[in-house]
């Protein structure tokens, strides 16, 4: 897929170092590890230095153990498991002692190298206390991916002074993750105060006409503030990943 | 329906002033005017001094003319027509010259007595300029119903300073009508700033995932601020009516 | 946020009684208690004499205990916990013996001062017996907030005589909270009978095409009666709070 | 399909009056007229004396003309066209002068025999004036099908006295069709007052959160009154047909 | 509410047999039993001879026991409890031994008089075996209400010959209850075969895009067959009640 | 239903070998086995050699045992039970030892004859590991129905090289079943790569705005690739059956 | 993408007939025609002999003209334009006189070679007359793609005898396209009668609770008949394409 | 709001250069221009050098003219109007000749200074030709905001080779905007190929079960690719703004 790699491979082929069949075979064998029930994508990890990520929900414990075992053998990067129940944590612990569990964030980490620390930071804000598990999923994901993360929790718009009193924290963030359930207004208010990208995460916190997070989701998609984009309901991981990508793109650069 | 009236009628009946059949007939004839296609409810108007209201949408011009004619004959109160197209306005004008039309609010008024002026005021705020038609429906309704109304338009949460700079206007209102489309966050933010009732009106302003006002509606129903209740999408009339009811209940009272 | 407070603070600053930095710091420190996972808003309570309210759902027991402890130390107002499970009640009991639990309403109260008693009353009506838990959340909330509350339960529109026989109770209420599931028609019928504000609470009582309360919610939002506004599905607290706000605004005033 | 007809045909076949192939052919040819683009079902009309019905929406004028022509030739029953635009009316008029058009009900009738008149009557009630077109579709359908129909319009629940004053009309009906938009509460209230079947017709009258009639539909499906069943939104024809079927089943019987 | 009763009462009042206050009190006291948490409607039962019905879901066991106790004291009619769990059954058994439980239909019956038996019968058909619990709720309800009921189960449209082989059973029914989940096509097919009213009951049987019964509900509401009306998803009781009402209206009459 | 059978039966009737009544009775008795709660359709199985299929969800264990017993007695074909819990498996085991259980696919099989093996194969692909249970339901169904099945799991579009590396497997399949949750893009991508029919199965794998599989369902229905059709969410059986039907239609034919 | 082509190209590269860069360039240039606003995919057409297809909706007339012009120059296959308005037809006519327009099906065809004629046929059935435009889109698409197509229109399930009388036509079809709006039951009924694949096309024909075709869509997705799969609402083209693919796969084969 | 500005103002106040009232007044007057119907936010424009933006939909022509006039007087930045009809364009032209109109993108620009040109570029890709108007809204927005923009249109996943052939263009982009309707799979596929942030824009292109863009929206929110976030349906402006923000944050930095 990578242009340079394809050109290199074709050069080898031309110099008779590899056969035509081998070119095709190589293209097939290279980028992933084959487990039958899973095809582990080493491609991105190699190129980006990012950890391997396992979305644990819906996978059997057997499959998760198999995937982790494979990863442990193949390379020396960190392993991040999201939406991990306690059972998943214990299943992985049977394979390696080197595993930590963040219960409210439902994250398991097999840490094999130190996380990097970005100069600029990502700020995670929440509307309420009940949004913290999703926020922590975002925050820990961003930390594992090499970012400095700051947290500002329970600053929902019903008590606006709590948010406004912390505008200095808002202003010094490079990327902001806004996590809120119910009416999800936090994303718009934060988006209107800062001039940095805001990744909005609707949560399923609430009841009745929040319809499992739909109210916050629609609210954030319809934000009248510019510079706000949205990930799936309760998708802390996705927000942490996106924020990390943006933060690290601009990390070496002088403040703007 | 009114206990005293029933008791009075029964007393007359007992004194042979009216027959049993007449009691039943009276109970039937009193409260509304019969037009066949419409039964005009004079009941509330008599009791409250409120104007007669016609919801014009979906009624034929013939029917509207008939209803207005009947009202003009029966009593001397003001007449308010909502969701009135220009055609409705012209149809009414054929019957009475004494009619004014508020085009953007889609309201017609046959004004036959001066509006009262409450001491305390109702404040109508909007998120944006495009919400003004709905806001005007609310504001004019409240004015016709005898309230002093103040307007504060285009103070949506994406530019929070526009709202906060006007906190004095917010604080001196007795009831607030918050009109907003898109993510509808205005209701929550206003609700968190004041300690007066907020009537939230979601509007259909927006596009895409606002689904005809659903986003603002759900947002407002899920408001994390207390003291917020909601009317139907684009229902300026309902908000104006509700706000008026609350405002006038407390109008004679000293400020709290 | 409060104009007078800001002016006062600025005066002190001008007289060199506080520094510029202190002004900013003061603005930040005043209005809430910082717990990291929660920012407790004392602002409204101070100004209004209202109790502190904790929405318990989705908060960990640890967090709830921390919040209650903080509140107990800071001020002497009552504390109201909504959507509280039995576990929440027991967790709070570990901190203070002075706590009562309303199981069906899922409310915990730490009562440290007597409730006020409004002269005018709030009436809570329900369509059926199964709506009582939501109605009790509304009623108890209103009582804790200082209102005299009357209850009229199981007067749904399928047996209209049950409602009409109680019109005197309807007529003497100052504000009405109408709680109903299924088709939620109660709000419209009550709204058509009285000339006081009706706060409608759709409940999730029902099955099939009630879609978790959606049928009652849409029904109430589309009420053809004026003077009806709506809160979230099952949101007894919100209705009690809104009704209290309206009731107390007009409490000192002569009947209209 | 009819057991007796099959037996009769089989008898003929056994007596060599018809061949096996003819039996099959007969079974195929009998029950409908073949036009290629339409297969006109004479089956029910023959058996029940009911008129032929054409649902005009979505059919081309050519097709409608073809269907009517075929019907005119085949039998001498009345022809009813529903959801007929003015263009449809004119297209049919080109074929036969003997056609009348009910504009608001969007019904065309080719009347070739007098309607019957049931002894018991069907009552059509509406919540408002704007529901009248759907109500008329129901009423005219029932009349064409041979029923005595009474109308009681604009008796929505927001002015309950208008409905209660007419309880005698409600009580003497044999079947009731309740037509209402917005919150559709009329069906429940009527269903609670009478002990006859109520056919509820939700209409799309309203705006915003009525979502094209969804609010009234859900409301009626969730009716807490027993003896209420529901047809599609705006389906006046379906309600008229169903009510007619029920009314005529019991028409000869003494009052119960 | 009943014209004759009101006239009678008024006559007594005129003859000084009762006071005006007593008239009002009488009007209030007559029609229901007051339990505080429930207002038991004896009105319909008295007039129609129908049993008292308790919708058990969402009611506490205490409340149900209270309601049943009240009913046992007041009158001698049968008592029907729907949506009754085993716990409800046992709670009622503590009060009276004379109670039977239909587990799959979730119905409890306190039988104090023999059921009547209509001459004409109601037919309950289902699409599949999994629809039987809802069908039984309908069938038993209809039986308790005095109808002869026939059952024809598992005749869904995917194996049409199973339905067509039983057309004689379909033809001899006076009213048909069609119970089906998934695509709910049974109602249309049955409606097209017979000329008697069909009460369609969508069930929540199915998965995925049946969305809790929505697919069958919409399918039945959009039936292209005339003479079909619909009750709520899984509402066997409502269908049984409606069918009974229709069946008994025409029961004494000769077949048509 | 089958023309030839009807003609044959009619011939016998004509030759006095059977009576008219017997013809009707025969038509009724032939095609299914009657159990009261179930009508077992032997019709298709006889004609097609396909196994009998039981959809177990929602059926009581008693009913399932009865159905299996009946099938075991009647014919010697294989029996397939879908959506079968462990309890279902054990209930069947009480009747016959000859039963195997595929737990993740929730399938039970009573195998009484060897499966056929088609020359051409059906390929089952999944987007992720969590989609495997649905994929296995499809794969095992297709195998029981006599097809050669190949599996290619975890080739979702987020790591496109995993799919593209396996294009040879895609190209040699005769029919493809594409199983995916979340955004369900796999169906479109596969559909764009091959020129064989793709049966798309949306799964409920995911969370938040996947709304129980709705996102994948809508995605697949809106596929911009031609040659894709869709079955219900999580309906592995339906996809396996449809794919088998297509595969076997073309199995004897030379490759195109 | 095609393994053989890649191998061939690589061989040329190895023999120095093409450079590495040229390999990449070739891979890019081959499969589509570049117009800037459109990339015309010749790939499938070359391989399959299928015509080029243009989905016209939402494309500007300029763009459509550009695309057709390009196609006319490049190859000599037929060109099929779907969802084509009269304006589109006229715009194409400016470019080539050789264009025919099927108005109700909204299809334009530039016919440059004779259609093939399959031995086996595809049957298109509709529930009603109003479904014919979608059915014609399917039928004409299938004809252009080289299939023999039979039509059987207006055989909806409300008049089941119309369908059953034509079972011979159903039985001799190789693939069936079932087109229906409203409750969409046709697909299930047909699917239960035949043992050939049924492609179900929900249409938006209907009103009210059909919600733009949602009722038929859900109905068809939940079909209790096996061997039914579904395409998008009103997607006649997609059904014709899918049916053609299946039909031609088995066309040379002896009947099974 | 800006800490430094507040501190500066407070310093002036302390030095008696401004009064306390003036401080409050200043805080109010500074950040926006007051037009009554609109409050123009100069705040962000001043700080960021970004142009003023007017969302034209739903605003009256009078209001738009007023807003533009105000902007023209106040500052010398560019003015961008989105969702602008031809009427809007003409209304603005009456005020200033210096205005250009992008019809398909519905954008008007009053250009008063040259756009900047970023070193890194933003790539806008579309699934089809019909998505181009939304894509152009995004592209032009990004250009006006100072970015170098590249376009790659009509590379939807149904013809995957069109996308893969352009991987070099994908790889050299700094931020990617993926615009797609129908199943919206483009975002996932692109997100899986690159390691730069992808802003996904669902469009309302499609019909039937795309439900106005819902299918693409849900698809994109559920993307299994990391590094994808989503804006509202058809919100080209929002995507262009967000992409610009990210692109310019990293623009001065060396490639990573």
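Just a few scattered comments:
Letters A, B, C, D, E, F, G and H mark the chains in the order given here, with residues in each chain numbered from 1 onward.
Rule of thumb we're sticking to: a residue touches a chain if its C-beta (ideal position, glycine included) is under 8 Å from a C-beta of that chain, and two chains touch if they have at least 3 such contacts.
All values derive from a computational prediction rather than experimental measurement.
In this structure, the chain pairs B-H and F-G differ in their number of contacting C-beta pairs, and the larger number is found at F-G. Repeated interface, listed pairs F-G, A-C or E-G, reference C-E: A-C, with more than half of the contact pairs matching by residue number. Computed from the mean C-alpha positions, the centre of subunit C lies at a distance of 49 Å from the centre of subunit D.
Chain centres here are Cα averages; for subunit D and subunit F they lie 41 Å apart.
The centroid of the Cα atoms in subunit A and the matching centroid in subunit D are 58 Å apart. Within subunit G, residues 1, 3, 44, 128, 158-160, 164, 193, 208-211, 214, 217, 221-222, 226, 232-233 each touch two or more of the remaining chains. Partner subunit D is touched in their complex by these residues of subunit C: 127-128, 156-160, 164, 181-185, 187-189, 191-193, 206, 208-211, 214-216, 218-226. Remark: subunit H residues 1-3, 44, 47-48, 53, 164, 167-168, 171, 174, 193, 195-197, 199, 217, 221-222, 226-233, 237-239, 241-242, 245-246, 248-254, 256 touch subunit A in the complex.
Residues 1, 27-29, 31-32, 36-39, 41, 43-44, 55, 57-60, 63, 67, 83, 202, 204, 212-214, 217, 232-235 of subunit H touch subunit B in their complex.
Contact residues on subunit D toward subunit B in their complex (touch as defined above): 104, 128-130, 132, 153-155, 158-162, 165-166, 205, 207-211.
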